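Some structures to go through are shown next.
In the two complexes that follow, chain A is the common piece, with chain B as its partner first and chain C second.
Now for the complex of A and B:
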């Protein structure tokens, strides 16, 4: 690490500590009422209590579990249809106008529809998550598949590659950077939707916990939940970044 | 070293490996059709190195694509090894001019060559493949770069990699489309000598497209000069220069200069 990078790292930690200090100061001096803003220490105490009684793990598992199931559907459907639509101009001509209508639809707009049809069930939650995170993945896959270097298809013909070999050896690997960018976006959307939908249903999870804490003016638990969600997002992002770096190694110079 | 056999050149008609018979190629345009190639006939023997020169737009790349089977002629036919050419074949490997686009950027050097072996109908075990790849990379001078990705290689090395991948197909014929056109003069000379050596060693038949007269003569057993609009073969010249050829002495050879003089008239004077 260069001296500059170390300095920047130290700097970012200092900023974070300053922010926490400011928060603590505002709370203990009653600049903001403790009913709304607990001291940092109270929030972390609440967090620790949740860790100890196991409710935190349960909430995290509940939220991420539903999120991952919905997300997995989105990945399978998004990549599958993306490949089909990207490869076939005919399919594209038929489907693209419908896509253009569905794509800009905010996922939250379909929540009432989903509730009406599926009830306040786990199925509804997973459907909404899958639907919402599908679009970035689908569109990125179409884009990635469409932009494969045409010369590679000619090269494949001169090597007499089968259609299956063309897809597995050329189209998919070539589209990986695009697909992965879409997958990252989709994962972010799926976390958001997982939190929102469980606020509306009775499932155990981080979003439900936050809402419950807010309604009972239990600000330490409320902020403990917010902190947990922040950390969860951080961890997911770190995992995805590492995976992305690994998958797109070939794009980096050394 | 294999000796050049100028006497055999006259015997084109005895079952050539490739025969191009009255081939024309045109594309439909707004007002009727545009003829790219007109009445091309050419026979190529097994083991022969044929250079094709012509200015830009004379249809030489199109001719190569017809031989490769990437396009079909609108008239006439092409025969390869006794059968009409209807589609691309692993027996006619194509070295594309734009090497950076023809390589798989996400695969290492080794793995790019591996593609040719993995898709081979003849099954081979991993150890055999590894040995073949090692030998090919050695042959084209890329052994040191085996684990690098294409974008970490120079242009010359990328083109060497494409050649290695083509050799892994064990083709009967190598079709090269201005393969060294984008390289600097030094690299180009090195690669010319390497491809000449490879062709002699493997006995492979080579069709070599270029716009560089000297390169055409230096490498070829025969040089075909093409003229444009519509593209046609205007001269075929047997090159009687001894092998191995040398960048310095061959190019200073009086015979070499005579060939150069003769072919010069077929190239466009203005672009």
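Now for the complex of A and C:
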């Protein structure tokens, strides 16, 4: 790293600290009402209090637990059906246009339908998360499988590979980058849906916590919750980026 | 083309048959003809159009504010490496916050109404606009930038006469993607907390056990999303083929 790069990296942290200082200043001097904007120190105190009494861990476990269960369903169903649909041009011709029509539909729009069918239950939450995060994964898998180089299939035929060998040694390796992009998007969607379904039901979690904090005009707890959700998003991103690099490493070798 | 219609038509017929025959007795059961009737009724009494207008206005204003901030920051970060590096930690701290996490905060600050939806939509629209603009501005050909330096243009003129014209198609892509995000987030805010617009209409139909109206609104929301995407894609093709060839 050059001296300039190091200096700019340090400067970057300083800029963030300046923003935090500005926030603290605006809150302490009541430039912005404390009802909306607690001092930074109050927000972090609230966060620390939640860590100490264990409520934060409980909320994180609640939110991520439901998120991961729904997401796991979505990955299995999305990749499975994506492979089936993507591999057959005939099936694709029948199904793909309908899927394209559903693509721009907000995932949250199925929440009312799910509540009507399943009530405000945990099953409803899992269903919404699974259903909502299924689409990006399914569509990306179809896209990835569809765009496998056709000559590879011809080669597979001359080599008389079994259909399982075709999938594991030709289709999957070449579709993995697309599939993974879909999986990543799906995980983001599942976090969003986990948060809003909690806001609408009474399950313990980060989303429910911040809504409750806002309703009781408790801005330190509200900001503590937003900070936690930001950190959670950051951690998820970092994990997915590492996984992506790992899974597509063979591509970068060329 | 014909094959594309087979699946939806079959599903609709099956749904109609199951609904009409009374095989499933339930408050949640409805069928396409009832949904169409409920949709027509909501359209005629003006309630659907009013809800649509509320959602679209919130999404649009949020898009303009968030997209504007995103494009401005993206252009700045793209043109100045120092600004990009100095802003990185701040941006990477704020960006992972899921936009829906700001719903309670927006509710606290703005109360119910347009402001709340607009604020959350604007936050969500910043990021796609920022990333696409920044990437595009960074890829402006070096020769053009050297021309700017040779002409001793100030950064304002450099931005408006050299950089922006070169990235217009990318800005449109940014706008198109952000528009999709804006509609989704607007509906989501309304479903979750804000008592207005299409999202709220969906929730009210569900709470008052009107599955026909609920499905009508659901299909309407899907249709608007699809039309928005389709329209912007067509516009992009029409407007910018010139750029692609050049």
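Assume the second predicted complex is superposed on the first by the 242 of 254 C-alpha atoms of A that agree within 3 Å, B and C clash if a C-alpha of one lies under 4 Å from a C-alpha of the other, contacts with A are read in each partner's own complex, and residues count from 1 in each chain.
The definition used in the following text is that a residue touches a chain if its C-beta (ideal position, glycine included) is under 8 Å from a C-beta of that chain, and two chains touch if they have at least 3 such contacts.
It should be emphasised that the depicted structure is a prediction, and the values quoted were computed from it without experimental measurement.
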Partner chain in contact with A:149 - chain B first, chain C second, else both or neither: first
Which of chain B and chain C A:158 touches, first, second, both or neither: first
Contact breadth on chain A, by residue count: chain C or chain B: C
Partner chain(s) touched by A:52 [first = chain B, second = chain C, both, neither]: neither
Partner chain(s) touched by A:30 [first = chain B, second = chain C, both, neither]: neither
Chain A residues contacted in one complex by chain B, in the other by chain C: none
Chain C - residues contacting chain A, complex: 3-8, 27-28, 82, 85-90, 92-94, 96-105, 107-109, 180, 183-184, 187-188, 191-193, 199, 202-203, 205-206, 209, 211, 214-215, 218, 221-222, 225-226, 228-229
In the complex, chain B residues that touch chain A: 68-70, 87-90, 92-94, 96, 98, 101-102, 104-107, 115-116, 118-119, 149, 151-152, 169
Residue numbers on chain A that touch chain C, as the complex places them: 5, 8-9, 11-13, 15-16, 19, 35-36, 93-98, 101-113, 115-117, 188, 191-192, 195-196, 199-200, 206-207, 210-211, 213-215, 217, 219, 222-223, 225-226, 229-234, 236-237
Of all residues in chain A, those that touch chain B in their complex: 149, 151-152, 154-155, 157-162, 165, 169-170, 173-174, 176, 249-251, 253-254
